[in-house]
Amino acid sequence: MKIKTGLIGFGRTGKAVASVVLQNKEFSLEWVYRKTTVLEHRSVPEFLGLQSDEPGLIFSAEHISIPDLLDHHPVDVLIDFSSAESIHIYGRYAAGKNIKIISAISHYAEAELTLLNELAELTTVFWSPNITLGVNYLLFSAKFLQHIAPGVDIEIIEEHFKQKEGVSGTAIKIAHALDLDISQINSVRAGGIVGKHELIFGFPFQTVRLIHESISREAFGNGAIFVARNLLPLPSGLYNFEDLLRPYFKF
Amino acid sequence: MKIKTGLIGFGRTGKAVASVVLQNKEFSLEWVYRKTTVLEHRSVPEFLGLQSDEPGLIFSAEHISIPDLLDHHPVDVLIDFSSAESIHIYGRYAAGKNIKIISAISHYAEAELTLLNELAELTTVFWSPNITLGVNYLLFSAKFLQHIAPGVDIEIIEEHFKQKEGVSGTAIKIAHALDLDISQINSVRAGGIVGKHELIFGFPFQTVRLIHESISREAFGNGAIFVARNLLPLPSGLYNFEDLLRPYFKF
Amino acid sequence: MKIKTGLIGFGRTGKAVASVVLQNKEFSLEWVYRKTTVLEHRSVPEFLGLQSDEPGLIFSAEHISIPDLLDHHPVDVLIDFSSAESIHIYGRYAAGKNIKIISAISHYAEAELTLLNELAELTTVFWSPNITLGVNYLLFSAKFLQHIAPGVDIEIIEEHFKQKEGVSGTAIKIAHALDLDISQINSVRAGGIVGKHELIFGFPFQTVRLIHESISREAFGNGAIFVARNLLPLPSGLYNFEDLLRPYFKF
Amino acid sequence: MKIKTGLIGFGRTGKAVASVVLQNKEFSLEWVYRKTTVLEHRSVPEFLGLQSDEPGLIFSAEHISIPDLLDHHPVDVLIDFSSAESIHIYGRYAAGKNIKIISAISHYAEAELTLLNELAELTTVFWSPNITLGVNYLLFSAKFLQHIAPGVDIEIIEEHFKQKEGVSGTAIKIAHALDLDISQINSVRAGGIVGKHELIFGFPFQTVRLIHESISREAFGNGAIFVARNLLPLPSGLYNFEDLLRPYFKF
């Protein structure tokens, strides 16, 4: 029996995540819920040209409410790749039905964080602004090395496509976690580079580099699957990616 | 008060280690003990052209025995960068005096391993065939990532100077620890590359790379200092590098 | 006035090339000619979801011959991303009409090479088994460095997705051009790496690395456009990528 | 018969260059000329611990003038790794004797450049502020790629040891040659990195990277030897590194 999944949001990343869930053998894509009516009632497998016997129907918030959706098309897990407001729409009803919530929203304001904590008393809630395994592993391992060698020089290089504006949010998050100054982030913008983050640890007589290279958005789908799989056995509470990685440290 | 250190072996790596210990503020280099009489009774600071008020006298096994040396020039820690046999010469007497033993010997046969375990009942003993912080961190972090993502594709690239023969021992050790086949090690030999080890973790939609670059042999000295500092508070027993890194994992 | 282009072949690379030509302002995609009847009479812009006023109709060899196609839908340049046999079908008729021919076929047998040379007496013909600018630049620059430093140690690392079988054809071509042994190519297969070729030049006291990273197949489209633009002013004859790069060397 | 070489300057780089010349079979190190009297009349081979039957005597400007030195200890080539003023001391007398001059001085003011041009009417004069083969090859190849793809996005990453102040002069020179803004140079300072320059060429669907990694200062010695070897057959005139690389471009 597959674990039933509902996806909130169907932008570029949402589509990539849907494609990964559809092709996964443990999780089924029951439906996608989105704001607009674009593609409403279409089937995701058919839209993406993928063979699948999972329903994957696209519903629009304009024509069906969350309670109706969750009552008639029940799921075990909700994955949210939409925008910050959505949690207000589905959060309480889903938590009340003990559906697990996985949010990959980039940024939440105070109000949403308060709500997440409330929901976490009823069900298992997860939030990470970057849900790829690679970036979270990098962050974790970097903190570990900094614990071992507190005085080591650290610099970050992040490379992205020419049009990307501002410093990468992931780089900023890493700099923050390592207590670096924003000036220690070097931003390269060139051509069509999908995304590369390099952490340089400079010792007097040796150099350690931790590098993450993005190939495509589907990495977010695999990250969501990893989170879902590790979240299932956990009791209610609010979790982040570090909470899920920690138990793998068994030496 | 500095912690008194004695160094066994004064080959190319031994010299680099001596230079690091001499310039360190926590540890003093009391003497160097070596097989041959080359440079006998010379002072290491003077030989290396370093300012220091530490004795750092060079003794030869031809003219002074370990008991005489340890009785008249007492130390807290022994660091061994010589060869596998040496442990038979200094091991029991040093352990009997509760001197801590740090061995960076590349390879020990069964007889030496048995001896190490005996000594570990009397004093604190450490052994690592590669004593640099960077390589050991890499190995540790790689195992951690493999725990998280058991099916991930892993390959190793090791690059060294043209003359280096055979596959890098460090690469073999990493491959062994990660249960890889020797065919997953790619050996590049070109020019004067000091030493680079790259671990590639290939995920479907992202790539993680862990890289260690050696700049010079002094890295072994800094590794030995790191080991000594972390070993001091530990009770008798046999330790490896992983044992010393584990406590830094506190998240 | 745009330069009229016809594309032979509509596999995965052909589609990526079509998308690049459609979005280019100097060249128009008049049509695609393919073996099968899949997508026959569909419009490429509509199929790819791209805005364009270029026809880009898909024709099948099953229902229209090359003479009919070239007479009723004339083009200035033919770009061939199909397979080795195609040149026998369109070659003579196109050359007779003085249409320039750009072939990106991976491998030609003796018979096709002979034909190419014949056609080159009538029109401007270009062939390169890898038509990306980056790889050809790498090859060219590598040969230049080898001229400068004939004894330098050279090694190649090529990285591709796990499923790719055999050593990369591009790496073999580079090894051949530099007179390297096949054992100097190190092949890494891991996850979803699109394609990376690294050339390492090891000098005694310094290392030079030339690296090419593929992001997506559209690079072949940009390569074909580069070739077409540089080929237009050239008289009849058979050209390769090196011929087109050489004139840019003006210092 | 070896080509007789005199070296001006015996700082850290001068020593490394001397060591390379001493170990080279085409060139002999006749002497070193330096400002101070430190090590005066010592032999370079003995000082560096190298076996050699070349004289390599150290002379001080305090006790012997250039005319006396050049008359009694004649050389074919002068290599200058000292400082900008030196050319005023040895330039005219050396040029008058038709001795070839190789200067690796980092920066010359207008007065010295004028003098260089005067000397170039009498003898063969070479000047390059960075005399390593690798960096000059990188610069050359980068300009070539920029000719081929004028609109490509270019960024520079330069990495050096923590203490290095300011942006790398080599990176500035490259940026200048490629008409880049200084903001396109990303400077990383960490630990003991000897020196790495990476040029990133970002195309929409592919990335090209040209990387130079320094291992040690001896690279300057090999660069000087390369220059000397290529300069010998050339008539009088002022040459730079590009002039020497250009003839190797023969395809």
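Each chain carries a letter (A, B, C and D) given by its place in the written order, and its residues are counted from 1.
Following the convention adopted for this analysis, a residue touches a chain if its C-beta (ideal position, glycine included) is under 8 Å from a C-beta of that chain, and two chains touch if they have at least 3 such contacts.
These numbers were taken from a predicted model, which means no experiment stands behind them.
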Most remote chain, CA-based centroid, reference being chain D: A
Pair joined by more contacting C-beta pairs (A-D or C-D): C-D
Distance from the mean Cα position of chain D to that of chain A, given in whole angstrom: 52
Chain B and chain D: spacing of chain centres that average the CA atoms, whole Å: 38
Distance from the mean Cα position of chain D to that of chain C, given in whole angstrom: 41
Set of chain B residues in contact with two or more other chains: 191-193, 201, 203-207, 215-216
Complex contacts: residues of chain A adjacent to chain C: 191-194, 215-216
Chain B residues within the chain C interface of the complex: 152-155, 157, 159, 161-162, 186-193, 200-207
Residues of chain B that touch chain A when the two form their complex: 132-134, 137-138, 140-141, 143-145, 147-149, 201, 203-219, 221-222, 242, 245-246, 248-251
